[in-house]
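Quick one: the structure is below, questions incoming.
Per-chain residue numbering starts at 1, and chain names A, B, C, D and E are given in the order in which the chains are listed.
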Amino acid sequence: MKPPDTILGTNLVPAPGAVFSEAEEIAKLKDSLMKRIRRSAYVFRVDCGGCNGCEIEIFAAFSPIFDAERFGIKLVSSPRHADILLYTGSMTRSMRLPAIRSYHAAPDPKIVIGYGACGCTGGIFHDLYCVWGGAESVVPVDVYIPGCPPTPAATIYGFALALGLLEQKLKARHHKEGENEVVIPIRPLIPLRLRVALEREARRMSGYRQGRIVVDRFMSILGHEGANAPFAERMKAYLDEEGDPRLTEIFERLNDIVEGRPSGWTGQSSASSSTS
Amino acid sequence: MEAASSILLGVAQAALLFFAAPLVTGMARVIRAKFHNRRGPPLLQDYRDLVKLMARAEVIPGEASAVFRVTPYVFLVAMLLVAASIPGLVTGSPFGPAGDLIAVLYLFALARFFFALSGIDAGSIYGGLGASRETTLAVTNEPVMVLALFVVAARAGSTNLGAMSARVFAGPDPAVAATLAAMFAFAFAIFVEMGKVPLDFAEAETEVQEGPLIEYSGRSLALLKWGLHLKQVVAVALFLGIFFPLGASFSLAPVPLAFAAAVLLVKLIVVFLALAFVENTMARVRFMSSPRVTFVGLAAALLAFAFSLAGV
Amino acid sequence: MNDHVTIRRGQSHLDAIRLQYGAAIEDAEWQTENQVTVTVALASLPEVVETLYYGREGWLATIVANDERQLNGHYALYYILSMEGADRCFFVVRALVPAHKPEFPSVTPRVPAVVWGEREVRDMFGLEPVGLPDQRRLVLPDDWPDDLYPLRKGAMDYRTRPMPAAPAETYTFINEKTKTSTEVPLGPLHITSDEPAHFRLFVDGERIIDADYRLFYVHRGMEKLAETRMSYNEVNFLTDRICGICGFTHSFAYSSAVERALGIDVPERAQFIRSVAGEVERLHSNLLNVGLACHFIGFDSGFMQVFRVREKAMTIAEVLTGARKTYALTLVGGVRRDIHKAERLRILELVAELRRDVADILDILMSTANLEARTRGVGRLDPKIARDFSPSGAVVRGSGFARDTRTMHPYGAYANAPVVVHTEQGCDVLSRVLVRVEDVQNSLDIIEYLIDKMPEGPVLVEGFSYIPQRFAIGNTEAPRGDDIHWVMLGDNQKLYRWRCRAPTYANWPVLRYMFRDNSVADAPLIVASIDPCYSCCDRMTVVDVRKETTTVVPMKELERWGRERKDSPLA
Amino acid sequence: MFKLLREIVKTGDVTTRYPKKPFPISPNFRGRVEYDPLRCMACAACTIACPANALSMVTDPAAGKRTWMFNYGRCVVCARCEEVCPTEAIVLSGQFELAVRAKSDLMVTAEFSLVTCRQCDTPFAPKKEVDYAMALLERAGVNPHDLELRRVQYETCPECRRLNDFARLRETRLVSGLDAPAAALVADLVSHMAPLRSGAELEP
Amino acid sequence: MPTLLAASLLLYAFGGFGALVLRRAETAAISVGGLTAALAGALGVLAVWPVLLSGQTLLYSTPSLLPFGAFSVRIDALSAVMVIVISLVAAAAGLFSLSYLKGSIGIGGGAIAFFTNLFVASMVLVVIVDNAFFFVLAWELMTITSYFLVISELEEEAVHAGFLYFFIAHGFSMLIMIAFFLLTVQTGSLDFATYRAANPPAWLASIVFLLALFGFGAKAGMIPIHSWLPRAHPAAPSHASALMSGVMVKLGIYGIIRVGVDFLGAELAWWGWTLLVFGAVSAVLGSFYTLAERDIKRLLAYSTVENVGVILMATGIAMVGLATGQRLVAFVGFLAALYHILNHAMFKGLLFLGAGALLKGLSTRDMTLMGGLGKRMPRTAFLFLVGALCIAAIPPLNGFVSEWFAYQSFFITGYGPGFAGRLLGPLAAMALAITGAVTLSCFVATWGAIFGGEARSGRAKAARETPASMLIGMGVLALFCVGFGLGSPLVVRALGPAVAALSNSASLATADGLYVFPANPRFALVSPPLIAMLMLGLLALPVIVVGVFGADRSRHIVRRGAEAWDCGYQHTGQMAVSPTGGMEPLRFFFEGLYALHRFTVLFHRVAAAGLAGLTRFAARIEPLWDRLTVTLTVDAASGVGGRFQALEMGNLRVYTFYIFLALVVVLLAVAW
């Protein structure tokens, strides 16, 4: 099925003056362009109103670690020299005209890349009153490099893809619910209430990322019924192996919960009690 | 007076420098990358860039006149003529009718005239600023070149570059100091003329966005870039031709000529290597204080002149 | 409501203005121990602000306008001053503007620093600053309808997109010095600007006579977004994207503001982690700026070397937050990620490497032949002008003022951290670069200190109660200066008003003075020396003084013009 | 100058071999959003949490379907979805090679069937979500009879439940003294509290 | 062929008076004036051509009833060169004026035609008469006719400029008369022939030389007595400006050569050195002063000062050569000087006519109001470009060849025996190099500001191509510019006799086949025609490369009409370097040159007393001497003018006639 417009962003009004499509012969010429610029591509950046994270990462892609110049890619200072136009940032109302101007200023045919979440679709700003959307709301885009911002490595990959050097990895996927498709709850052996309590405490202690890793680890040691040694020993062995005091601290808190000891956490902000 | 063969030689020399120019500048790019601790582009990248640009479409600014279109050709032709006239493959000047120091300097002026004019003509302010810088810098640089070369010309009793080259080649001159100082002054002036960091004013990317190049695209850009590459190579070759003629052939026989061509290329590469150290270890000079830098050249030229007057 | 607070900073200032203005002071209320909001009569607003600013060492943090018609039938203006002499605090002067007569006496003639704030207030709320000399738009695009004020409650949906009325920019640039000159446009798409902004340099040859600028190309309407589509915790991910470089300190400041308004006690460990992230950000941002400065003066080897080293700072950020940029680390109440052994060791290892590398690189830069010649005396910011306009960060520290909100109004884990506020007296680009260089070294010290002294305990508070209409200021020191966030909570887990002032917003107005009498070639360098962050200034708008009537052009015409690029419908 | 040269020689070529060799990333790196539709029950937690609206859901009552949609092009990789997903259907991987030529390749969609309300036959909740809730209850040791009662409750749309609650309230004469609008208001409140109550009931 | 020359002169006169008679029917008057000038110019060239080639001197004299000698005409090679210069420019200007003066209908177009023709005729007379009295008569006629041309537009500024010109011209022609007086005292005759034969003592010769240097130097526009020139020349109608700047200034040089070399034999080396120094100063400062101008005609006028400097330098070095017996130096120097006189007339004439075309098309001389004309007036742009290339001495055009000879004369001096020569020769070359580079900067900026970029005003946007007859006038000069470059071997041969006569030696070989060289091919040689040919040949290389690697013709897309790229912002005409702005860095770098003021101000504190202050004064871009003389003159003039206020313009003209008469009387008395 065709996804509704809201998510694709096509419900957005294209910016006035937008270039909707290219002349047919220019589109044809694009193929020959690709061959020519495979080993020598001049890139002009058009920042249409992003947070400049993308700009810095583009710089980083040309810095010694990533060195995009080894593929013959070069940043140029005038759109007249460009083979590739790199649109970053959500297309703001004010940048519409400069963005269109730079498109017109570059010789045909040219490859337009929508760079970063904002350049692709408008990103987090996609529906604001001074935003038209992504680069596509103004110019026809050939390649999308998503990310917020794309890392320099992702940038290199995106360039390579645009130049036809690497294969595209991401494909559209559509899933249709199968017959009797069910979701099996995770960690079936641990009581739900305990699991929720452990997860909360781990999150409180160590945040979402490490908290989840820690609690997974904890529960897998806890839930490992078949093992010979008792849980406390297995836990100690694991903690000794890790040798991380912070991990030990969290494991102890979690163990407190397992053993029914009050954790000292009331579920209320301690601050609110002290201030009121 | 001019044998057809020597005109042919001049054309051959021009073609050699013409086709070697992207190699030499491409090498400079590789070295530059090495100064950044990065891999850098392939050695032949400049050829690739030029060939690609050659086939790209062009966008011509609405306000540009014919000058904008012809400039790449005029620029290249002026530089090729210099390339054909300077002593390089042979000890003399292959194409004598233009092998005069004043003629060569004014051929550079021809290139500069159109290069700067195209910058203004295209209508972009940055082209105009680049043009202004290009012509301004010449005002301090031209007298240095004239004076420095005159010192050598006075030794040779001729302003013909071939004769000057021959005089230097002939070996010890009583006025060693004068010749050395002149060499320094001229090297300095040539460096300024080449437009490399720290004196890359007219095409400074971060200041005037490549100056007059800003409006060029496609084939014209390729030709003009090629011309700029050639200008750098020709400038160095001019210096080498006068002050380091070693390896140049005395005859028009093919073997010595081939050897001379190889030696010339090696010399060019060595000079560009040395220049890489300068351009990659310095910041661009502030344009408004550039006279302080070019003054070094002027001082050296005056010194050379003083030595020459004193005969030392 | 917060009268439980016992240590009341700012009392001396309040007493002083009470003494001087008496009845004009209508109300005073402490939000936190060092934030006080004083309501004054609208008519005496300029005098009060002036007294506090020049008389009691106040510096302007920002101006907030708020549409409080639903709450009390008025618009409200908050002039937030950072009192940096004796009795340090945030002193907020509040004045109510009647809804039926949306105008207020401009403070700009007395305190120039507020000029942008007042222009923005007019753009976004339609409150007319009477007596404001600069009548042009600041934030809103040239072709924004004259009478549509985005931040007035109920004025428009946050998705409203009025049709453009002009096919070209109509902004008027003002040359204060001479009548005729060549104009050099710098941006919005200049090779040296990572972001769009338009500088109009009035030049004679290469010499800049005067400069004007049109910023807010990136105005997207974030403040409106935060009040509409997003819930208060989603705003954290928006504040990350205020700036691609120093987004974290914005989230930090935003979270602090909400936490202060709600009186949440954030776990100490969370504050340490936040501060580490803040310093990592300062590290890579300052390295970035030093690198770019090299680039702009044509010393690309230095640029590349600095960027090579900077990658290590980026790796620290990745280790710490999971991404090189736009960090998504904080939530209201704490942080989302912890530092465990692996992270700690990796960070310390990278910090040690950085310490060596940075020292080497700085050595190289300092020994580069003409680097100093290129930056000394360029882009001078006179201390007097600095005092008038309240810039922040390296810009003001390069002109001799030791302003740093980390020590001025400590937050996070900075109270005991070894923060060194380095100042230089040169007032030029070189001074600002040197300040940043010192900052880099100092950041490394602070990171090591924070990692070393990091306390145990939780990193996140959940389940606090959400109280509408409370408000507070969040302040953090970004690499470029102080971030000021002012938050008023609303109903339904959303914000009533969020105002963010990035340091660059405070630094832009002085740029004009820094440009003068320099050469065009130095312009990018001067711009870079304030380490601008264009997108930071997303949230404001301005309209033209010399109101040019905009005609509405049918959409079809504009589209045709877009395709054909001739016969402009407005020509 | 010599310091620079020394540093250059000392450091050597630092350029990564990527893309010839994989690029090393930190273990905590937030990369590509990996979605397992088999683990997804279309509960909408992620779409509510997503600050950028990269995730969204659309219900098509006519077809009895709900479509979950994810747009890589709008994703800001904040990992909120991963954090709020109760079934670990969304996980962020270390992948970063996301560029595409066609915009449609940025889309991941999944289509889920809806349960029709037992009373009014309107499709309203994803079948998998109801099944999941039942599975949780089952694991929590709820006896089969109660389970079946609960299922009946879960498979009734909120609107009908509200009406039911209202009817029940009327029966219990809780609102007998109220006029009709006020009674409706109370009924609303009660039905809104229902999910909260059912959540509490999960704990045995 | 004195008959032909007389015919030419008569034709000028006929045309002139014809125009005066027809002044009510202005169109006819303009046509008569213009066509007769063109025809007479052609006749003039034909008349002196044989003289030039043969090197013989033609003498013709009528017994005179007047007491101060016979009206004698002497056409030597030098005169022939000058007549050719005058005639060529006059012919082109005549053609040009046919359309150009249509703009002056109603404000005395016929009168302008009359004065133009008379002016040309008087200039021809100046270079051929051989008697001091008639010389002064012709000289005064030339001054007065040109004065009327200056004030013909009757604008306030023009009248003011004319006033200044009038006073300075007469002031300095007094010096010339005194010089002649001194010689006459020596010889007892007003005939030039006796001057030649006279052998005055060195001190007297030196005094005479200096008087002539300044007297004629003022007319030539030599710095520091140039200040009237950039005011007066631009004020005249453009074809007259071309004549004044392209030709009349050369008569100043002619005078210096006539007196210094012909009469006095360039006896002393320091005369030459003095001339060289004045020339160098004029060249360098003149070129720098062009940089501050936004008025196209004033810019060209300053450029005239510069070129006069170059000619004076070459003349100076030649005189040094004569005095020190270095034949070669003298020969090459005079060759360079005469060649440059010829060339400068061509390209400066061309450029002034171009400026006239612009003035006609846009009604302004302010370059800041131009721009973008390359597309609108492509032919004018092309012809102006040719002029700009020539004046910038770009090979293989004519300016290059004459400057090349100038360089060679300096270098040869530098190889020579005398220390002064070895020191000053190369330094002169350096000055010339600076001048050349500044000129290039200036004309790049000028062409760019006028024809390049975007139109900066409504009138520039509305501009149309110049009418054909004006283009023909310019085209003729452009052809000569190119021809004198590519045909340089022929030109140097033709100039040989004149040069030989001046340098008092046998004609040396300076050309062989396609080559030219400074008498000795071993010193240097250059071949403009071969350069041109090889340029065409070498064009093959890029063309081949384009053919091989370029996209084939059918697929090579060229999109025209794009907006200039200004960082993405809307492009406006203001976003282009202004004519003066582009040169600001040079003014900044060489502020010292402009600060020459500072010293001279000290000397002339009294004159400068009215000025606000020393520093502010020094900071002004305008050359000091401008200021100085203007102040002086204006003070004087306002004193005098106070009494004139009641008088009408016509009365002033009568008054000028009185002055002229008074001068004649003075001379008469002297002769008595």
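Here is the rule we use: contacts are C-beta pairs under 8 Å (C-beta built on N, C-alpha and C of every residue); 3 or more make two chains touch, one makes a residue touch a chain.
A quick note: this is a predicted structure, and the numbers were derived from the prediction, not measured.
Under the contact definition stated at the top, the chains bordering both chain A and chain B are C, D, E. Contact with chain B and chain D alike is made by A, C.
Note on connectivity: the fewest chain-to-chain touch steps from chain C to chain E number 1. Contact count check for B-C and C-D (C-beta pairs in contact): higher for B-C. Chain centres were defined as the mean of their Cα atoms; on that basis the chain farthest from chain D turns out to be E.
Chain centre most remote from that of chain C: E (centre = mean of CA atoms).
Mean C-alpha positions place chain A and chain C at a centre distance of 26 Å.
Chain B and chain E have centres, each the mean of its CA atoms, that are 35 Å apart.
For the pair chain D and chain E, the distance between C-alpha centroids works out to 88 Å.
As a whole-number value, the distance joining the C-alpha centres of chain A and chain E reads 72 Å. Chain contacts: chain B has residues 35-39, 51, 55-59, 125-126, 129, 132-133, 205, 209, 214-215, 218, 281-282, 287-288 touching two or more partner chains.
Within chain D, contacts with two or more other chains are made by residues 1, 4, 8, 11, 14-15, 28, 51-53, 76-79, 83.
Looking at chain E, residues 557, 559, 562-563, 565-570, 575-577, 581-585, 588 sit in touch with two or more other chains. Interchain contacts (touch definition given at top) occur between A-B, A-C, A-D, A-E, B-C, B-D, B-E, C-D, C-E. Every residue of chain C that touches chain B in the complex is listed here, in rising order: 182-185, 190-192, 205-207, 294-302, 304-305, 308, 368-371, 373-374, 378, 519-522, 524. Taken in their complex, chain B has these residues touching chain E: 1-2, 7, 10-11, 14-15, 18, 50-51, 54-67, 72-73, 76-78, 80-81, 84, 95-98, 100, 102-103, 105-107, 109-110, 112-113, 116-117, 119-126, 128-129, 131-133, 135-136, 138-143, 145-147, 150, 153-154, 157-160, 163, 209, 214-215, 218-219, 223, 226, 287-288, 290-291, 305, 309.
Chain D contributes residues 1, 4-5, 8, 11-15 to its touches with chain B in the complex. Residues 168-169, 180-190, 196, 198, 203-207 of chain C are the ones touching chain E in the complex. Taken in their complex, chain C has these residues touching chain A: 4, 140-144, 150, 156-161, 163-164, 167-169, 188-191, 193-196, 216-222, 224-225, 229, 237-238, 241-245, 247, 262-266, 288, 304-305, 307-308, 310-311, 314, 322, 324-326, 333-342, 456-465, 533-535, 555, 558-559, 561-563, 565.
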